[in-house]
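Read through the structure below, which is laid out as structure tokens, and then see the notes.
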Amino acid sequence: MAKLQWGMIGGGEGSQIGPAHRLGAGLDGLYNFAAGALDHRPDVGIEYGQRLGLGDRAYGSWQDMLEGEKKRDDRIDLVTVATPNATHFEITKAFLEGGFHVLCEKPMTMTVEEGEEIVKVAKATGQICAVNYGYSGYSLVRHMKAMVARGDIGKVRVVNAEFAHGHHADAADADNPRVRWRYDPAQAGVSAQFADCGIHAMHMASFVTGQEVTKLSADIVSCIEVRTLEDDAMVNFRMDGGAVGRLWTSSIAIGRQHGLGIQVFGETGGLRWSQEHPNQLYYMPLNGRLQVIERGEANLSPEADRTSRVTIGHAEGMPLAFANIYTDLAEAIDARKTGREMDAAANLFPKAEDGLRSMSAVVAVAQSGKADGQWVDARPPSLR
Amino acid sequence: MAKLQWGMIGGGEGSQIGPAHRLGAGLDGLYNFAAGALDHRPDVGIEYGQRLGLGDRAYGSWQDMLEGEKKRDDRIDLVTVATPNATHFEITKAFLEGGFHVLCEKPMTMTVEEGEEIVKVAKATGQICAVNYGYSGYSLVRHMKAMVARGDIGKVRVVNAEFAHGHHADAADADNPRVRWRYDPAQAGVSAQFADCGIHAMHMASFVTGQEVTKLSADIVSCIEVRTLEDDAMVNFRMDGGAVGRLWTSSIAIGRQHGLGIQVFGETGGLRWSQEHPNQLYYMPLNGRLQVIERGEANLSPEADRTSRVTIGHAEGMPLAFANIYTDLAEAIDARKTGREMDAAANLFPKAEDGLRSMSAVVAVAQSGKADGQWVDARPPSLR
Amino acid sequence: MAKLQWGMIGGGEGSQIGPAHRLGAGLDGLYNFAAGALDHRPDVGIEYGQRLGLGDRAYGSWQDMLEGEKKRDDRIDLVTVATPNATHFEITKAFLEGGFHVLCEKPMTMTVEEGEEIVKVAKATGQICAVNYGYSGYSLVRHMKAMVARGDIGKVRVVNAEFAHGHHADAADADNPRVRWRYDPAQAGVSAQFADCGIHAMHMASFVTGQEVTKLSADIVSCIEVRTLEDDAMVNFRMDGGAVGRLWTSSIAIGRQHGLGIQVFGETGGLRWSQEHPNQLYYMPLNGRLQVIERGEANLSPEADRTSRVTIGHAEGMPLAFANIYTDLAEAIDARKTGREMDAAANLFPKAEDGLRSMSAVVAVAQSGKADGQWVDARPPSLR
Amino acid sequence: MAKLQWGMIGGGEGSQIGPAHRLGAGLDGLYNFAAGALDHRPDVGIEYGQRLGLGDRAYGSWQDMLEGEKKRDDRIDLVTVATPNATHFEITKAFLEGGFHVLCEKPMTMTVEEGEEIVKVAKATGQICAVNYGYSGYSLVRHMKAMVARGDIGKVRVVNAEFAHGHHADAADADNPRVRWRYDPAQAGVSAQFADCGIHAMHMASFVTGQEVTKLSADIVSCIEVRTLEDDAMVNFRMDGGAVGRLWTSSIAIGRQHGLGIQVFGETGGLRWSQEHPNQLYYMPLNGRLQVIERGEANLSPEADRTSRVTIGHAEGMPLAFANIYTDLAEAIDARKTGREMDAAANLFPKAEDGLRSMSAVVAVAQSGKADGQWVDARPPSLR
């Protein structure tokens, strides 16, 4: 596969997300980091981009980058949008319309309406619009999805997902700006912990079961008084294939480090996986024994095999899961460029529809949470 | 302490609960198994009782036993009621009124009204009425309670309890009489999985936090079609000390064996414990590191010390937790008999009020579950 | 089964071992605690025995007890010897010769010669002489043995056993009399940590594989200077069925609580078990997946079933393992008394030959350890 | 830091080691993959190299590459040698003498004499010669080393290391060429499992304790008959700082996947770490409680911080450990190029002396193993 040209907006010096994307994109050598508008301060962004080897493709703004790249024959094949949340919509839309494939950080938009708009634009332009629910890139998460799809656990009855950590539990730290904005509706929107973390668990529930959330009921609380938005939420939901969902998310769960995990219970088997120990998947067939499926073991699914890089027993971690989103996208983009069928096992990266559904679920959680847990439709209008 | 005389109603040959109680009562040598009405078939019960060494105190019915024991100078000090659920109320009431201390298997009654009645009778007669939420007997559960009480984790914000197993997940087995009755309202009452298992988790949440449940919202489902009552439930609740509760219970969670566990998150620390590995308690102080508290380690609380029997590193299990309820009761009874203060650290066995509250919570879960998760008062009328 | 009469020597007030034995013997209601010489101080022992309900069968010395019991028609069926190590030989021998079955605490004797003598006396008198390697009583240890015996893992290649804790790691505590005597040859004999703990691991290796140790090589060290005897030892060994053994034992392994565990690797499978979490057994068939065998699961071996008391998912612990030795012995004694075949699955309690072999292994470890790890015969002369 | 130019010898298409190195070197964007002689078949190597974008720096042989690169102004800064073991010595020597820094796969050489030669050449030329004991790159392994060095656990008493897997346990597979060569002295040298895996555990014991192995005693066996070399070995050793070592390695341990782990016990604390779950380090201070140190937590050592890439709770795995060796080397090389002091926390990559010591230990294990475990000097002649 010929190397693809890749660009990035946001992710400037000192950010966490910038290095993570560069690492993910660079890992398999499929992309050449070619262009970037890395900071909202033009000078700073250009200087940093040049230090990273971007030369005259280190731009001062995303608008400049869009114009600059459009003119080039060797224009970038994919742009990653890793700017503050409120700007995702505008930039993603502009680049899709400019004829670029986009990988947008989550959340894709701040409103359902914007989400609908992105889905429309992506459809109209024919460009790929991916959204970075990166935890879905883990090899054994892919394998869970494949097991469910091929019927290993029968029809799914209940899915129980969690994303509970304790890193915002310190009341004395609640006014720290690094933490405070997340619980301030003016900056974070209608939801804090669910939108920030819980949505990853909900996306994973959909991803693994192959079902979409239809309606939900939420119980939300702010354990620390100064917070307007929730720091702990329990969400019950129903899915379009009949599955029942339970999802707990918290940022005040002292003693939990990351806490993303999922359990799926079907008619003929159960599965359990946790992000903190991602190289083992626990599987019990009905009336059988708990088995430990190891990443990298022989005879897993093609979906697991193509997202596993080192031999069994050697831990793989989050950066490689993240990289799998890029690897999927490279396969999708290269297939388009060369006019071939893409590997179906790579067509698992989250898409604009997932970004839209997530936004809709966030709004639904906020709405239900305010209404004493009333059940509300979780689907975006266009996908009801 | 002089040996106490102990009797049992129910728990006949082939039952699971009978040996468990005899083991629990016998473990520390505090009780002499002296009387019993072990089977609803008089001949069978007498014959079995005699084989167990009860002689002429092997009775044919609980009524005979009540009359027989009342006449004796060496009458039993404590009677355990381990008969089918629907008979608990009548027998417990009769023995309390007869002047006996009672340990009743859960559920104490089938209705809230009966529960209120038992509480009244216990108060009026002055007899001890204990209810067997046996998991609260574990040494490290006692220690959790002590840690919370002395402020080690600050004010409790969220408690997350679970009791999820997969032993009723086989649809082909749903008609098996051993399983079916549990999901049949005619036999089981208003709730199945919550009343059977979930209530243990809810009792533990109250026990550990020292707070009572005030209101709750439940989402209940029957994953197997032939079932009328729920086999999976999610319950959100609030407690009178301000804690928020989440409680998941399931009997279709394939891959889970027992699945009782609790996490408690306070302002300055978090705690985590699981019944399947009961000799470790995970504790993290705010901004500190996760620590492993071992049963039997030096300098635990008096509540933990008195309920721990073997040295650190040697596993203790459920029968010893169970025995602790008996050991507590022995202390309480002996203190009364000898006119001394009882050891406060032993006064932790669940009481009639707990049985009443549990019954009220079961009814509330059923009611909320039928009303789309509407929040309902979980307290019994007399304790509002 | 009619209740057996049981007596105890040693295990006086304040000892750890006394309550453990009384709990073990009492657990299943198979024994009546009828007689005892509980303390080397006659008055103290008699007073304590009377408090425990022994009446005039509370004796002032083991000699008095031997004479007293010999004269009775209802003499004890089994005596437990739980006195200081140096007295085991004399007492055990005397009781066997007096016509009593004996359960002797480990070590059975202080020398190989004494061990040989006990084996001879047991054979000559026909009495049962059991030795308390109590960890072999765990249900899943029994199941491991059954799996190996029926060929589930093929011919055993390597067994790796450990018993490593950190409770004697504090140099400042080394002079504490409670610790010091264990490392003093005058009191402890030729070996400290291996004789105290390692031998349990070695017994378990033999028990599980059904093979006996033939020769061994030991590397022993005293990490704390004031100690004459070893606090850390590595022992390599060979077994009579061809298995290779590795055994590590330590008392300075800070961070390990108990640390008894075993791994068995055969031609077609592997097994792993740990005393601190005794209700799970990890099994991998060749070219298969790791499976978790749960105590109490359906279709285990008869050896596991008869030593399992509570349902799956409810932890069982050390006191129940310990009790299984008593339960085995009750079956063996009752079978003799009633002239029937005993249940073969109960004939697993350690016997005088095991006590002898252990003593011989202890001496061999000490000898090899002093000779730079030279390989030495580990078998007692009579069993070569 | 300016990007370094990197080349590779070996690691052709279909190899496992090639992608692993490219991933490791590429991860942080510090290296430009500029040159390679990737296959012993010139045509194949050139074609593959060109496909990977090397252009005319895709060479047909390492000799061509050496000549070609020597002539260039933009010659490579570092060459990785990932060819078959028997060729490591010759190539490494030639490149060092040619003025290149080298990262050599383990084993650095096939004999101690060759190892001595490489050390001499490295010293004489002043070039960096690193050896890829990649597991030492894990962040928490670095932190263990730092904790020991700063005295957190006091003087080390015992280190217990393991590398035991079950991937060569199938006798039916023993003749598979992929497996067979490893146990054939003609191809593998004097040792199989110890040289292949055990040596990683021994390197880690030295790395973490900061002590070198002085003498050792080995018990080696071939569990599968057709094998000449060992598939299971137990090695006891002594270190120059007084530590006692135990090291078990096996390739027939069915049920173990990777099995590299280490425990270090000092006078005032203990540490435990396992490669399969590398993001947690278990630490117990003397008379304290077991604590879980998480990779990425605040206030770890500089050595841990600089080798940790993603936030706490997000798993990192082996490829990132591996990459740390490259990152260390980049720091070392850049410091030389720019004439500055290198970051001391980066100076932890294994060096030629480590390669030499390892070779000497392998020979010592083979020698002791053949001599019934006789203690032999493990040090290379030049380092005694």
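In this document, chain identifiers A, B, C and D correspond to the written order of the chains, with residue numbering beginning at 1 in each.
Convention: a contact is a pair of C-beta atoms (placed from the backbone, for glycine too) under 8 Å apart; a residue touches a chain by one contact, two chains touch by 3 or more.
Note that the structure is predicted; figures quoted are calculated from it, not measured.
Contact count check for A-B and A-D (C-beta pairs in contact): higher for A-B.
Ranked by distance of CA centroids from chain D, the top chain is B.
In this assembly, the C-alpha centroid of chain A lies 35 Å from the C-alpha centroid of chain D.
If you average the CA atoms of chain A and of chain B, the two centres end up 43 Å from each other. Counting partner chains per residue, chain D shows two or more touched chains at residues 290, 294.
Across the interface of their complex, chain C is touched by residues 153, 157-158, 160, 164, 166, 169-171, 217, 219, 221, 223, 232, 234, 236, 244, 246, 248, 250, 252-256, 263, 265-272, 282-287, 290, 372-375 of chain D.
Residue ranges of chain D in contact with chain A, taken from their complex: 3, 16, 19-20, 22-23, 26-29, 33, 52-53, 165, 167, 257-259, 275-279, 294, 309-320.
Those residues of chain C lying in contact with chain A across their complex are 289-294, 297.
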